[in-house]
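By letter and in written order, the chains are A, B, C and D; residue numbering begins at 1 in each of them.
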Amino acid sequence: MAVMTYREAVRQALREELQNDERVYLIGEDIAEFGGSLKVTLGLLDEFGPKRIRNTPISEMGLLGAAVGSAATGARPIAEVMYSDFFGMAMDQVFNQAAKMRYMFGGKLSIPLTIRAPMGGRRSAAAHHSQCLEAWFMHIPGLKIAMPANAYDAKGLLKTAVRDPNPVIVFENKMLYNVKGEVPEEPFFVPFGVAKLVREGSDVTVVAVSDMVDYSLKAAEALEADGISLEVIDPRTIAPLDIETIIQSVKKTGKLVVAHEANLTGGIGAEIAAQVGYRAFDYLQAPIERVAAKDSPIPFAPILEKEILPDDQDVIDAVHRVMDYAG
Amino acid sequence: MAVMTYREAVRQALREELQNDERVYLIGEDIAEFGGSLKVTLGLLDEFGPKRIRNTPISEMGLLGAAVGSAATGARPIAEVMYSDFFGMAMDQVFNQAAKMRYMFGGKLSIPLTIRAPMGGRRSAAAHHSQCLEAWFMHIPGLKIAMPANAYDAKGLLKTAVRDPNPVIVFENKMLYNVKGEVPEEPFFVPFGVAKLVREGSDVTVVAVSDMVDYSLKAAEALEADGISLEVIDPRTIAPLDIETIIQSVKKTGKLVVAHEANLTGGIGAEIAAQVGYRAFDYLQAPIERVAAKDSPIPFAPILEKEILPDDQDVIDAVHRVMDYAG
Amino acid sequence: MEKQVSQEVGLQLYELMVRIRKFEEAVVNLFARGKIPGFLHTYIGEEAVAAGVCANLTLEDKITSTHRGHGHMVAKGGRFDKAMAELYGKATGYNKGKGGSMHIAEPDLGMLGANAIVAAGLPIATGAALTAQYLGKDWVGVAFFGDGASNEGAFHESLNLASVWNLPVVYVCENNEFAESTPRWQHQKIKDVAIRAQAYDIPGVIVDGNDVEAVYFCAKEAVERARSGGGPTLLEAKTTRWRGHHEADNQSYRDKAEFQAALENDAIVKWESVLLSRGVPQEKLDEINNRVEQELKAAIEFAEQSPLPDPADARADIYTPFELEAI
Amino acid sequence: MEKQVSQEVGLQLYELMVRIRKFEEAVVNLFARGKIPGFLHTYIGEEAVAAGVCANLTLEDKITSTHRGHGHMVAKGGRFDKAMAELYGKATGYNKGKGGSMHIAEPDLGMLGANAIVAAGLPIATGAALTAQYLGKDWVGVAFFGDGASNEGAFHESLNLASVWNLPVVYVCENNEFAESTPRWQHQKIKDVAIRAQAYDIPGVIVDGNDVEAVYFCAKEAVERARSGGGPTLLEAKTTRWRGHHEADNQSYRDKAEFQAALENDAIVKWESVLLSRGVPQEKLDEINNRVEQELKAAIEFAEQSPLPDPADARADIYTPFELEAI
C-alpha cells in the first residue's frame, strides 16, 4: 500500500487509463500546462502531450458535446468540468444527449464518456463555486454517478468509470484533494453499486457521501465516548445505488441518518430516506434524519458558510435525535 | 363562474397581467403571431403588439438571461421556455443567476421573473419533448415553483407568479391545455404554499401534482366502489411546499401515496415522502407509496410510453398496497 | 463552362432527391391518416441539400441531423422499411420505436441521429470529427442545422472549437429563412449565416440549395478540405421549407407570393430537365421513380405488418451492459 | 490633431485608474496576509479599460462585471470602505459578506455584480438594456467580459439578441489574451474578438486598452450610439493582466519577455506624463494620490473594525418578502 493524496490518486487513475488505452484522452479547460484549476492533471501534459491532454476554449457546451460525439464514435474521453457549478452552461449535452442517445437509438450505440466534476464548498468560494448538484443527475436515467470519499475510491471508482461503456459523472470533493489515504500499488477497480461499510456499529446507521463520510467518522468517535455505536456506510456510487446494504444495516440498527453536503430539499438524502422508509418500514425505530446544508445559496463569508454547511456536529446532533426519539 | 380550457385560463392570466402593469411583457420563441408552439399566447400579439409580445431567436440562454437582467432593472418579464426539456440550454441563468442574485448581493435587488414551462409526456413526443424536471428546481433555493393541475389554478397561480417579486417557474401540463374547468369571471389569485384539498377522504392520503391529480380523482372514484376512501391533496406549489396540510391528512389516514409524472428516482415524491416519514412517523400505518414514471428516457412509441408513464391504474395499485399492508 | 457531374453521379443525386421527396410525401399522407404518432417535420423542398452533401460522403462519415431529419437519414443510405417502421413506432424500426421521427438514427450508416434539441447536433458532429482526427480515422463529421439553430450558443462553441483544433467537419446550414414561424429578419440581422464563419477564421460558403449540382460541388470541396486536414467549413445552402414547420402548422404567417415563387423553383423538376438536356433518357428517370415507388410501397406494407414493441422492453437499452469482471 | 479630453476629464480618468490600482495593490497585500478569504482575481494592468469606459457612464447606466470585478466596481463609483469590507466578508460590506470578491455588487450604482460564471454577465446586461428600451429609460447596459468569455455561447446569444432588437448596450471585451492559463491562440483562431461583431451586423471597434484617452473616446462613441438608439457595439480593448489569473497563479506559462514589455507599458504612468505635458501640475496628481491613499487607509481600518456577519442572518435575503394580501 502506498500513501498518497486524493488528488494524486485521481492523477494516477488518469495516468493508468491513458497508458492502458489509446482511445482515452483528457479534455477540459486549463487542464494541460496549468494542470487544471485544482491541479489534478498537473504533469500529465509532459507525459502524454497536447494531443491527449486537450485544453479547450471556455465552452462547456461545446467541449462536453464534442466529448459526447467523440465517445459515440469510438474514443473514450475523460472530460473535466472545472467546477460542477458550471454544468449550467452545458446541461443539455449531459442529460438530453449523453444520457439518452443509447436509449433513443434503440441501443445502437454506447457513450463511454467520463466527466470529472469537482464539487463542494468550505473554501469561501461563494455561490458559484461551491455547489453539490449530484441530485440533478441521479434523477436522470442513463447516467451513472460516483462520489469518491477517499483516495482509494477516488482512484478505483475513476478507473471503473473510464472502463464503463456508459456516461459516468465522478464528483470529486475539492476539500479532499489534499487528504492522504492508502492506495494499492497494483492497479485495481472499485465496482459501481457496491457500498462500503466504512465502520461497523450497532446503534445507528449513518449513510454518508463524499466528505460527509469523514465527518461521520469523526462523529462516530465522539459518540463512542457516550457509548453510542455508529455504523457508517458510504454508497460510493449513487447511480447505481446499493440500497440492499443500507437496508440490511437499518434492519440491524433500526435507526438511520443520511448525510450529504448538498442542501436538504430535493437532495439525494430524500431519495435514500424514501427508499429506506419504504423497504425497512417495520424496522425503523425513529424517523430518518437528514443531515445536509441548510437550503440557501452558499455565502462567501466563512462564518456564514460554516452556518450553512453540515459537519460532524450536525451528524452528532442528528444521532442524538434518533437515539432519544420517544415518539 | 365561466367554463374555459386550461390554455384559455393561462391566456387570461397573461392578458390581465399585461393590462394591469406596463412593466409586464412576454418573451419567448414563436410566441407572437404563431401564438407559441402550444398556442397559449395566440391572439395576444394583436392585443398588445410586438413590443410586449416579444419573439426571440432560438437562444434560451440569451432570452432567459435577458429576462433576468430586465427583471433586475425594473421590468417584470414573463418568459416562455417552449418545452421544459429545453432548460438544458439555459440552466445557468436560472439556477446561478436568477435564483442567487438577490442573496449574493445581500438582498439588494429582486428578480420579479416568471418562467412558463410546458411539461410532460403522453403525446409521443419522445425523449426531448416529454420531461418533467420540477425536482431540479425544487432543489435550488431562491426559486418558487408552481404546478397548476386545472384551469382555475393555471390562472390563479400564474397571476400570483407575475406579482411575486421572486423568480417563479410555472410548469404547465401540455395534456391539460384542452381540459375545461370553472374559472371565476372576476380577477383572483391563488396563494403559493397553500395546498388544495381536492377530495376529502378517510382511508388513504394521495398527494398528487399536475395531471396526476385528475388520475388520482379517477382512481378515487374507482376505489369508492370497493369502499376505499381517498383524500386527494394537490400542493399546487412545490416551492414553497404546504407540508402542514399533507401532514395533517396523513395523521388522519395513516397512509400516503405520492403521485407525479416525473420518473421515480430523485423525483419530488422522494422529498415529500422523506418529510412525511419524518414528521408523521408515528402515524404511518404503511410504507409511503410513490407513483411515478419508471426510470427511463421517454420512448416514442405510444405503447412504450404508456408502459413508462403513471396513470390512475398505478394509483389504484399503490392504494391497494398501502391498504393491504400487513407488515 | 461550369463543372458538371458525371451522368452516374447525376442520376445518384436525382434518385436521392426522389427518394426523399416520395418518402416524405408518403409520410405526410400517412400522418394525416393517423398512422404516425407524435410530431412530424418534413424535408420537402430541401431535398437538394441532403442529397448534394451526402452524395460526397461514405458510410464511414458521420452526420448529425435535426428535428427535420428524414431527408438526412434517407440521403445517408437509410432504408425505407426500417425508417417507416420507426416513424410508425414499430419494433422493426431502426430504433425499435423508441426514437421516432425526431430521433431516428443508424450509427452503422454514420447517421448519429435526428435531434429534437435545436443545435445539439453541432457539438456532437464536432466530436465525431475529433475522434477522426484523434484516432486517425479518415471520416469527416457533418452537422446539418437550420438558420434558427445558428443563433444557439452551441453553434458558436462548436465552430470555435473546430476552428481552433482544425477539425475535419462541415457545418451545413439549411437556411430556409424560418425558425418555426419566425422569419429570418426577426431572429438575425445578418442576411447570410455564412458570414459567421469569419468569427472563427474558417471558410464560409453560400450555395443555391435548389441547385443540387452546385450543392454537390460546394460540399465536395468542403468535405475534401476536411478530409485532407484543411479544417472546418461553414456551408450555407439557401433553401425553402415547402410545408409547415410541422404538419400542424398552416403557415398563415408566410408571404404567399414569395412562397409561391419558391414552390415553382423545384430542385427536382429543375434537375430532371438538366439531366434530360444532357441526354439522359426519360426512361431512366421513370425507372428510378418506379423503383423508388415500389420500395416505398413495400416499406409501408412492412411498417403496417410489423409488430408493436413489447412493453416488457420499454426499459431495455438505457444502459450498455458492463461487467467489471470482464476487464 | 487628435481629440483630447478636458483637463477635468483627464484628471477624472487619472483618479479612477489610481483608485483601482491602489485598491488592488492593497487587496493583494491583504490577501497574502490572510485577511481576505476565497479567490482573488485582480484588475491590475487593466485599469484604463474600466476607467475609460465608466467615465462615460451615469449612475443610471447598468454594468455587469466578471470574476475580475473590483476595477469595475471602483470605476462605477464604488466606495473603498464597503468594497473592502465585502472582500473581508464583513457585515458592513456592500453585500453583507454574502457575495465577496466574485459577487460584489451595488445596484444603486448601476453595478449589477461581479459574476463567477464566465460570460453570464452578457445576457444580464442585455436585459438591462432591454428594460431601458422597453420602459423608455435612457440608461445603457454595459457588459465587461474577457477574451475567453467570447467563446461562450452566452456571448453569441447576447450579441445576436441585442442586434436583432437594436438594444442600447455596449459589450466591452477586455482582451488580455489569456483565459486563465490558456493563451489566445489556444482558445480562438481569430486575432481580434472585434471581428465577431460582423456575425451580428453591429459595429466592432478595437482600442488600445493602455491608452485611457483612446478608450474614453471609443467608449463615448459606443455609449452615445446606444443611448441615441443606434444599437449595440462590440468594443475590444487590448490589455494585459499583470498578475496571475488569481493570486495562487505564478504564471509559469507566460512568455517572460513579452510580459516584461507589457509591464513597461503602464497606462497610469503613460497618462501621468501626458497630463504633465498638457500642463497639469505635479501637485494635483500628488494630491489625488494622497487623497486616494487616505481613503484606502480608512477603508482598511473600516473593514478591520467591522463586525462579522451574524450567523443568524445566513439565510436572510434568499427571497424578497411578498404578501398576496398586499396586492
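We take it that a residue touches a chain if its C-beta (ideal position, glycine included) is under 8 Å from a C-beta of that chain, and two chains touch if they have at least 3 such contacts.
No experiment lies behind these values; they were computed from the predicted model shown.
Visitor: Does A-C or B-C have more contacting C-beta pairs?
Guide: By number of C-beta pairs in contact, A-C is the larger.
Visitor: Computing the C-alpha centre of each chain, which chain sits at the greatest distance from chain A?
Guide: Farthest chain from chain A, going by C-alpha centroids: C.
Visitor: Taking each chain's centre as the mean position of its Cα atoms, how many Å separate chain C from chain D?
Guide: Centre separation, chain C to chain D: 45 Å.
Visitor: Just how far, in Å, is the C-alpha centre of chain B from the one of chain A?
Guide: 30
Visitor: What is the distance, in whole Å, between the centres of chain A and chain C, each centre taken as the mean of its C-alpha atoms?
Guide: 40
Visitor: Taking the mean of the C-alpha atoms as each chain's centre, how many Å separate chain B from chain C?
Guide: That pair's centroid distance is 36 Å.
Visitor: For chain D, give me the residues that contact two or more of the other chains.
Guide: In chain D, the residues touching two or more other chains are 97-99, 103, 115, 117, 151-154, 156-157, 160, 164, 186-188, 318.
Visitor: Could you say which residues in chain B touch two or more other chains, in rising order?
Guide: Touching at least two other chains: 56-57, 59, 61-62, 85-86, 88-89, 92-93, 96, 103-104, 126-128, 141-142, 295-297, 299.
Visitor: Considering the complex alone, what residue numbers of chain D touch chain B?
Guide: Those residues of chain D that touch chain B are 62, 64, 93-99, 103, 105-108, 112-113, 115, 117, 120, 122-132, 134-135, 137, 141, 153-154, 156-158, 160-161, 164, 316-320, 322, 324, 327.
Visitor: Could you please specify the touching residues of chain D with respect to chain A in the complex?
Guide: On the chain D side, the touching residues are 37-39, 89-90, 97-103, 115-119, 148-149, 151-154, 179-182, 186-188, 252-253, 308-309, 311, 313-315, 318.
Visitor: So in the complex, the part of chain B that touches chain C is made up of which residues?
Guide: Residues 29-30, 33-34, 37, 55-62, 85-86, 88-89, 123-129, 294-297, 299-304, 306-308 of chain B touch chain C in their complex.
Visitor: Contact residues on chain B for chain D in the complex?
Guide: 22-23, 25, 51, 56-57, 59, 61-75, 92-93, 96-97, 101-110, 141-142, 144, 160, 163-166, 189, 191-192
Visitor: Going by the contact rule at the top, pick out the chain D residues touching chain C in the complex.
Guide: Interface residues on chain D, with respect to chain C: 151-157, 160, 163-164, 186-190, 195-196, 198-202.
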